[in-house]
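Read through the structures below before going on.
Each of the two complexes below includes chain A, the first together with chain B, the second together with chain C.
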Partner chain A sequence: MRHRARLALFSAGALALAVLLGWGVLGLPRFGHTHDTVGDVITAAVTGERHVSETVGAITFDYRGIDTMGEELILFVAVAAVAIVLRDEHEEPLDEGAGRTSLQTSETIRFIGLALLPCVVLLGLYIVSHGHVSPGGGFQGGVILASGALLLFLAGDFRTFHRTVSEPVGDPAEAVGMGGYLVIGLAGLAFGAAFLDNVLPFGSSGDIASGGVIPLLNLTVGLEVGAGIVLITIEYLETIVRVRQREVVP
Partner chain B sequence: MSDITALQALVLVLVAAGGTAVVLERDPLHQSMVAGGFGILLAVLFLVFNAPDVALSEIVVGAVILPSLVLVALTRTGKGKT
Partner chain C sequence: MSVLPYFVAAWLVLVGLYGIATSRNLIHLIACLSVVQSGTYVVLLAIGFRVGGTAPVFSDVAPGTPTVDPIVAALTLTDVVVGATVTALLLAIAVQTHKRTGTLDPDELRELAG
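Up next, the complex of A and B:
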């Protein structure tokens, strides 16, 4: 009886969803067309106004830079929350050698990890620093840099990972990234313009030194995102190592 | 913009298949790997629809970070042992 009731409820819900979805899809613009014109206007204006060849970067870090600041704050708070929840049980220091004994890696993984590490870091730095010239930017480059740190964990062991990119480095890096964004925003006020106004010279389009504050904002976001993802990873990995340790030595 | 290309249609079908595969895989440990593959498919989808910025984020977030978080959660709850 309960099964039949649940089935009836599901059928009603699925039918309603299908009708609403179909209705909504019928109202969509044709493939490749849009109802709004803002995108076309910005795409046409961005190179002349900001000397930037990457429209997405100009929108996220200039035209709506304050939205990006909010997004960065969300990540910042999320990382802080993860640290608060997971760090409190880390009172006792990690057992020496715990990373090596509990998380074995093969020679192949170590070799590939170490060989890929410089490539990934270079790619991450490139993506961060060219966010106003080509697709990419602070967020994309930041997560690539963070995945480079993950490779370091795979290739080495947790203790090396923990020592090299640990909280004493990650915490300040994340805070400097977040604070740097705010400082660049306040610089607009100092120059007599609005908060996050693009007050630096725009340079010539296509150059790495172009777009005013956009590349600087990309750098701060790259620092914040990279450090934030690494911090989350460290907290989670430390949890794994502790769980495994407890299993090995009850 | 123009009509949908054959490549875009193919990738859309692949994404639909990948999403179905994630749902059909019942073992959470395997599911995290299938979800990682689905993340790669989504990144390809964004790329062929002219959104390389989103594709770059999706590669790392969908294929690296999401599966690792699931793996950690499985370790914590003790369900990752096979």
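Up next, the complex of A and C:
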């Protein structure tokens, strides 16, 4: 009964929303024919103003760089929140070996994982460092770097992964990623310009050393995103290991 | 069909909301929220699309070539990142809910809360 009442209430609301959305959609510019947007202005100016060939990267890290700082902060806070939510206050110490038997891998996965690791990390670094020249950037490359780190988990076990990636690499990389973005922003103030102003020389378009601070910001975001995703995954894996631990030791 | 992409976005939002309203499992509910959010990706990219426009990357096309709107592409990037972090956080809350109450059914949760 309660389900039927809920469905009826939802249907009424959804119908009203559908009518509103349909009405609004019919008032939008014809699909594929929008004109004279801010995007056009930036597209026309970007190669001359910033010597950057990838317009989306220039917008993300320069024209609206302060929004990207907020976005990075959301990720930073979410990583901390996941860690806080997943950890119980009265928890037995983590026995990293408990998940070992059940999270074991085969020799094939171990070999392929280790063989792929350098390739994936190289690809991630390439995507991060060429974000202002070709499609890519810190967010996309950061995710690729994180999947490279996760190959270490697939190829090894949780203990190795936790000891080699989480504490010595993950935590500092995330902090440096977030702090680095702020420091680059403050550098603008130090040079007498505005916060996050692009104060470095722009170089020549298409070079890896072009676009002023954009490649540096890409690098900090790549660190932050890569480390953030690795840390979130570690928190979830730790939860799995704890559950297995409880099953092994009744 | 010049409005079809916008209606696809509206349909994604509505079908995702239906899933949220009728969900019997928190994991399913979080997936439905991702469906709602994918509607926003479609609407952003649809607004930026230009007939005949190429990607706004000038490494192999000359500056001045007509391109799609790069601003909505940057906004979609933000949208994707925020969506992923929200999903990660909500899944953590679902894990903790199951650990505390032993159920993932929103209806049973309400009964437990009294």
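Side notes on the structure shown:
In this text, the second predicted complex is superposed on the first by the 224 of 250 C-alpha atoms of A that agree within 3 Å, B and C clash if a C-alpha of one lies under 4 Å from a C-alpha of the other, contacts with A are read in each partner's own complex, and residues count from 1 in each chain.
One rule holds in what follows: a residue touches a chain if its C-beta (ideal position, glycine included) is under 8 Å from a C-beta of that chain, and two chains touch if they have at least 3 such contacts.
All of these numbers come straight from a predicted model, not from anything done at the bench.
When both complexes are overlaid on chain A, the residue A:56 reaches chain B and chain C alike. Once chain A of one complex is fitted onto chain A of the other, the partner contacts of A:237 are limited to chain B, with no touch recorded for chain C. In the superposition on chain A, contact of A:127 is made with chain B only, not with chain C. Within the superposed three-chain arrangement, the count of touched residues of chain A is higher for C, of the candidates chain B and chain C. Of the two partner chains, chain C is the only one touched by A:78; chain B is not.
Using the contact criterion defined above for the overlaid structures, shared-chain residue A:38 touches chain C, although it does not reach chain B. Contact with chain B, but none with chain C, is seen for A:147 once the two complexes are overlaid on the shared chain. Of the two partner chains placed by superposition, only chain C is touched by A:64; chain B is not.
Annotation: chain A residues 31-33, 56, 135, 139, 236, 239 touch chain B in one complex and chain C in the other. Of all residues in chain C, only 2-7, 10, 13-14, 17-18, 21-22, 46-51, 55-59, 63-64, 67, 69-74, 77-78, 80-82, 85-86, 88-89, 91-93, 95-96, 99, 107 touch chain A in the complex they form.
If you check the complex, the residues on chain A that touch chain B are 31-33, 56-57, 127, 135-137, 139-140, 143-144, 146-147, 150, 229, 233, 236-237, 239-240, 243-244. Chain contact summary for the complex, chain B toward chain A: residues 1-4, 52-53, 56-57, 60-61, 64-65, 68-69, 72, 75-76, 78. The residues of chain A lying in touch with chain C in their complex are 2-3, 6-7, 10, 14, 17-18, 21-22, 25-26, 28-34, 37-40, 42-44, 46-48, 53-56, 59-60, 64, 67-68, 71, 74-75, 78-79, 81-82, 85-86, 88, 133-135, 139, 205-206, 225, 232, 235-236, 239.
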